[in-house]
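Pasting the structures in now, so scroll down.
The following pair of complexes shares a single chain, chain A, combined with chain B in the former and chain C in the latter.
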Partner chain A sequence: MLFRSHVLICGGTGCSSSRSKDIFAAFEEGLKTQNLDSEVKLVMTGCFGLCALGPVVIVYPEGSFYSKVAPQDVPEIISEHIVKGRIVKRLLYSETVKQDGIQSLNETNFYKKQMRVALKNCGVINPENIDEYVARDGYKAYEKAVTTMTPQQVVDEIKASGLRGRGGGGFSTGLKWQFTKDAPGDKKYVCCNADEGDPGAFMDRSVLEGDPHSVVEAMMIAGYAVGSDQGYVYVRAEYPIAVQRLQVAIDQAREYGLLGKDILGTGNAFDLEIRLGSGAFVCGEETALMTSIEGNRGEPRPRPPFPAVKGLFGKPTLLNNVETYANITQIILNGAKWFAAMGTEKSKGTKVFALGGKITNTGLVEIPMGTTLREIIEDIGGGIPNGKKFKAAQTGGPSGGCIPADLIDIKIDYDNLISIGSMMGSGGLIVMDEDTCMVDIAKFFLEFTVDESCGKCTPCRIGNKRLLEILDKITSGRGEIADLERAEELCQYIKDNSLCGLGQTAPNPVLSTMRYFRDEYLAHIEKKTCPAGVCKALLKYTILPEKCVGCTLCKRNCPVGAISGEVKNPHKIDQDKCIKCGLCMERCKFGAIVRK
Partner chain B sequence: MKSFAELQAIRDRLKTEVNQRESGEGDTRIVVGMATCGIAAGARPVMTAFNREIEVRKLSGVKTVQTGCIGMCRLEPIVDVITPDGKKVTYVKVTPEKVSRIVNEHIVNGNVVDEFLMKE
Partner chain C sequence: MEKTINLKINGTAVAVPDGTTILDAAKSVGIVIPTLCYMRKLNEIGACRVCVVEVKGARSLVASCVFPVSENMEVFTHTPKVLKSRKTTVELLLSDHDKKCLSCLRNTNCELQKLSRDLGCDEAKFGGETNAFKSDASSPYLVRDNNKCILCRRCVAMCAKVQDVAVIGANARGFKTHIGCAFGRGINDVPCVACGQCITVCPTGALTERDDSGVVSAALSDPQKTVVCGTAPSTRIGLAEEFGLPAGSNVEGKMVSALRMLGFDKVFDINATADLTIMEEGTELLNRIKNGGALPMFTSCSPGWVKYVETYYPEFIKNISSCKSPQAMFGAVVKTYYAEKNGLNPADIFTVGVMPCIAKKFERLRDGQSAAGAGIPDIDAVLTVREIARMVKRRGIDFNSLPEGRFDTPLGVASGAGFIFGATGGVMEAALRTVAEILDGKPLEKVDFKAVRGTKGIKEAVVKAGGREIRVCAASGIANAKAVLEDVKAGKARYDFIEVMTCPGGCVNGGGQPVKNAVQLNYMDIPETRAKPIYAGDAKNKIRKSHENPVVKVLYDDYFGAPNSHKAHEVLHTVYAARKKYKE
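Showing the complex of A and B:
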């Protein structure tokens, strides 16, 4: 029986942590009591993208987008919407409510400019049900590849599509496939890098959670193309939902005869296994990742030889990122021309970004290459909250750099980002407003890489530590002008001499903030102030005598007794005692306390 | 183990269902009045009957949608059929028995079933 209504409940990590499982249970129970369970289909899907509004529930065929749903809202949705067809307006995403009714989700600013290729099935199907994936043309690309194309034709198709690695490097995927195919060897491996480690990035997790079969199918195609019968997905253990759904997908594919020996009677063999990473950032680097799969300590090794020649267990290995694989089935099904028609001259297709930081619509977006940063932030992202001004966007995580506000009209693609000293990275996009201190941000990312450095090579292990010490000196008010030069020189050394990508890119956040926000560094060093009011050591709280009415509120709240003064007389802060917690300023009802 | 043909069979069987989850333009929409008056007059079996017809005939781009009371409670169950060209036809006092004729004659073949329309 065709269901008259489909209730889609987001089961991504974001919505799960805000109780979407309880919402699912409430729907299950409510539908049963109303005798509607045979008429309404409940589906736990992957991420819809608008994580800021989670937990999200979408009811089709109307396409009503309910946001911030709580389990206690469910009976109302059932009795009003499902039974009587009256949409519960108070729970709708405000952008979908128009004066003359309700507009489709695809018309909202958040979705209007998006183009879903890698995320095609995310938030549409139940990721734990292989049939739903099959219904959305799943495993049709594999069928097309093995029944109508030779392995070389598959590789040629990927090459012609212009697809470039989505994990950050941006190397041509087709060439990588060609190198692995051409490498001599009786045994070859196909690996998937799902060790998404950049702070703030969660694209790969969402693909695995929402559409795991697309990765399984793409790896099968890759296995056919390069001549491999064994694949490994290296995914971090911190992604429990992704790991579980991927395992379910692999089990189902095996049950259907899509994995194993003699796939669907074609004579081709391919099998997949999951390898869990323990969250070391360096294991996202390809050579370290393979070392870790082999069961050794995750440390990189020099390249060449490249993995395509000598990779996992010393055999030729194809290694692509999750999002790269998620594009493969679409390219095979729709053709390279279709894919190459999207994007810019040298960057084809779409890119998924994880929007985070000071932005209204935090979440997951997929846009065609060449979309401007302004469109992402102002239209899709809904702008900066609380009326603050946009200051910079950070792409590429700890390996990337900043895009300052005056470059907001830059078209996002691989080469444009590199030309301004940043990089595409895996797709984390962190938005910063005027309250963000750029020196502090550089320090934050560097602290991360110092923590995550594996320690094998000296430039990275010691160089980055020394660089961090310089930044620490600057943010604590002990910086000298010569420190800037010293830092720049050190950055160059680290970049040139480190063994792997982690070290080679670690100084990027420092270099890029020094390039675009030199004035902030100078303010820290020369004036000993932090213009954004972040660096504690450089802050000073003072009470303006003309505004203070002497209400004693600050004095009573100060945790260290640094404020003195009589009732109805202006108070004073003892700078030696003040620990700069900011509580007094927060509590003052008269705006009499300022931070400089 | 499945074969490619069996996968295609799954695709054919579930495509109509999974595609209900897209609010595509160019769909034919069957709007069933499901307020208290509609339900009391038997709108639920009518809606179920429409869904069964869509499934049996594997109609793509046809969706059933519920709506509230439009004021003519005495004529319920009321069903609007809105075709992609934006034309709306209102059927009244619809029963499950009338459904297959509406689907067959109107939605599939484009001929409005005059005898089921409002006679005023």
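Showing the complex of A and C:
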């Protein structure tokens, strides 16, 4: 059936939580009343990427990109755009508005420098419809692999592509496949790590929500390559949309004879099951993930033996993360050379980042490896809002580190990030401006790891706790200069001694901020001040008597009665009572209250 | 042929079989790397990080207990970096440890304390928040104090892998992680079998027996009470280790002297009531065979095993011998026959079982354990080997210089058969010596039944006697017992008689025996070592069969009439009932 218009509504998590489902319903109803439901096709897609402007609606053939759409805007879009062909300019994303009409989304700064491989279908197809996936060359890569390539050729192709694990470690995916293929054993498993848990990261979630079949197909190819007939996708239960769409995809694939026995008459068998995680960060660690699938408390186990040799249920197991799998079909279809042509010498292809923090275009971006941090922040991300200065970017989540402003021209790839004390991680990229306290940031990430430590090994269980206590001491104004050395020593100890990657990388945020922002630590310790004005214990609110007119507004608003003073006379804050909530400063109309 | 791996440890060339860990490779050339969490084949989790070493080319330090050697590997076991790391690890453990060493039952016998000393730790290096866990004293047999726990999980491994009951595990996570039962229940509210294997592998004082030495001391100083103790077969072996003697020593005489010095009015030998058990249990078996009773019959000496069947396999309750355990028989005989003979009021007798076992502390509180009447328990208190040693030390008794004492009469004479009750297969062998002879109607040519000896988890034998075959099995450790039960249930195995000892290797390795440190756990066969003097004692004994024990003969002539008589049933037998795993 042909439609004269296509309306794509973002069904990603961000847009969903700002009522994109209601928008969909409003379109459905509106089109029906106008008898247009047979002429206009409505599609609920995965994430478009520009989450900051959500909910997003795109109407084709014009390609008009409507941002921040509300359900009540829908009748106008229908009556003006769909019926009369007049684009609703007030709702257009400003960057797409041109004098003589609209410009393609791909020409906007946000999309211009992106290259979509893993996210190829995200925001383009209805993830719950296998036919739309098939129409975009879906399951063609599997067909190509099993009908024209031997398992070893598949592995060789992945090896030649230079693809490295997108979950954080950056290990060669092809080698991993080779090890699992070569491991002796009659039963092998293929697993997918969809336990994305870094604060601020939502790449894997978006792939599963926007293009679940790409993961299903890649796992089938992996099954063929390594000799496995059973796969598990370990997804955190906090990703309900991802879980539901993946289940739909698996069911549809089964229905189409793509999963199960004798797939497409090839005699190959492969099936997939979803295992829900309960949200423990450590279950993103490969051995903990497998322990959890086995039904045990999710705790890592020592390596060797590596999963490729002895993994799930003691059998050789291939484990890749969602984004890694999302690249596989493209590599098989377009060839290793095509893939290896993208990126840098040792980091091939693209990388998806979840751009967040103090940045204009919060969202999901996919860039070729080697793109500079400056391009990501200034061009794609649209810079820092409110005219603030860029201070640092954090990559790699709680395992990563901070990249200071003077390294903004660094080319993003695995090895460059490691060399400056951060890491690629799964792709969270948090931008920080001058109002961010770097000691506080280190503390934030360490608090996260301390919370998420499984408690199995001593260095992580107690070491990180003690490290956090040192940071606490510093940010609360009790720090001594010797604490810096103590912290550094403890960091090194934890890195050297922890059982798994979670513990081994937990001190990274501390080490990297100490490396690049030592002056801030020193300010906290020696001057007992927080330069960014974040650490409460080091802040002091005072009323400037020359500016205070004695309006009593602050006094009336103070929740703890810390402010005293007579009408029309300067007021005063009792520092012993003040809880540093900042309400007085916010309310003062005369700029008479300062924070130092 | 096994592949040999060549590596260098601290510069010295070492050749070991493929698959060897760095820890074992180092041990083979005389280098001891400390461990805390590691238990060979049982707890290879690399969690404590005390055993870390440097490996050339490795990104970080590696846990030598689980890291296999590889060709041309270069290992450094005691570099300044390694030593500092180990020290920091122990200091971190100490930072969340209550450090009440002076009042700890494990003072001077604590692996954490020893490591701290060996590594030159500063116990106050790290301050900070500490956990304050409530201790679990819900059961009559053990106490868990998590403020002393270092989360090595040796107890968890014993409970799950050796005993297969898995009633304890890690709760919560991160800094709040602690070992306990599901949903924070007390150990008494979960289907624990009370074996105490967790205690014997605990490196610190986090797990201890419920100490009853105070109750016993009070009775000893009560002039109204006649305080009588009976010592289980393997206690005279285990006790040696508490006084610095090598494992596998027999200190029967010194033990008797020490107990007498502690003030016990009579010191009896439970080996003697073990002989009595054989008379009752053997007769019961013969009757079951003859009358088509429930077979296979299970032994009932091991209270953890009895509790296990009642809880996990209630359909097999009818298979358990109705005989009380030798401890309970001792108490019952003392409070009936012995009281009558000596004109004592059973209520004034205080009986103490000296045991290698903590489940016996549970057993004495069971229903059907008061032969002398309601309110008069067969056993008033149970002391483990560890508690006895503690009392001896407290009383200033120089154990090793004591003279060889002798047990009091009448319950002081025992056969070798009664003695071997202390090791796995021993009850079975003792029973066979009597049963086979009865069936054959003539003296046995060979009293040794070696097929049921040894520390193997499951042992089987077919014994021909009286023109028929008796198929027997001896299992120790609940996981092994469970495997046997499942086979019986599935019809895969057919036995007439099954002996089960709850603890692996039997009572010599009981939950009330001296605790084992990491080196003993990983490099010694403790059950085997402790069983040796038992079999030696049996071989030396002039009386090898229970029915030839003159005391047993007197008991039947004077009091019980015959085995399984009405009187015997009243005094020496008991009842069982299904148990719910969890209380509602």
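Criterion: the second predicted complex is superposed on the first by the 596 of 596 C-alpha atoms of A that agree within 3 Å, B and C clash if a C-alpha of one lies under 4 Å from a C-alpha of the other, contacts with A are read in each partner's own complex, and residues count from 1 in each chain.
Assume contacts are C-beta pairs under 8 Å (C-beta built on N, C-alpha and C of every residue); 3 or more make two chains touch, one makes a residue touch a chain.
Please read these numbers as outputs of a predicted model, since none were measured by experiment.
Asks: Quick one: classify A:D415 as touching chain B (first), chain C (second), both or neither.
Replies: Neither partner.
Asks: For A:G455, using the defined touch cut-off, is the partner it touches chain B, chain C, both, or neither? Pick first, second, both or neither.
Replies: second
Asks: Which partner chains sit in contact with A:Y60 here, chain B, chain C, both or neither? Use first/second/both/neither.
Replies: First partner only.
Asks: Once the shared chain is lined up, is A:V124 touching chain B (first), chain C (second), both, or neither of them?
Replies: first
Asks: So which one touches more of the residues on chain A, chain B or chain C?
Replies: B
Asks: Just checking: does A:E485 make contact with chain B only, chain C only, both, or neither of them? Give me first, second, both or neither.
Replies: A:E485 contacts neither chain B nor chain C.
Asks: Tell me which partner A:R301 touches in the superposition: chain B (first), chain C (second), both or neither.
Replies: second
Asks: Touch check for A:E28: first (chain B), second (chain C), both, or neither?
Replies: Touch partners of A:E28: none, neither chain B nor chain C.
Asks: Using the touch rule from the top, collect the residues of chain A that touch chain B in their complex.
Replies: 1-6, 8, 39, 41, 43, 58, 60-63, 83-86, 104-106, 124-125, 131-132, 134-140, 143, 147, 256-258, 264-265
Asks: If you look only at chain A, which of its residues touch chain C in the complex?
Replies: It comes out as residues 280, 297, 299, 301-302, 304, 450-459, 461-463, 465-466, 469, 490, 493, 495-499, 504.
Asks: Of all residues in chain C, which touch chain A in the complex?
Replies: 44-50, 52, 60-61, 63, 66-68, 81, 84-85, 88-89, 92-93, 95-96, 126-129, 150-151, 169-170, 172-177
Asks: Please give the residue numbers of chain B that touch chain A in the complex, ascending.
Replies: It is residues 1-4, 7, 10-11, 13-18, 20-23, 29, 32-36, 39, 47-48, 51-52, 54-55, 63-68 of chain B that touch chain A.
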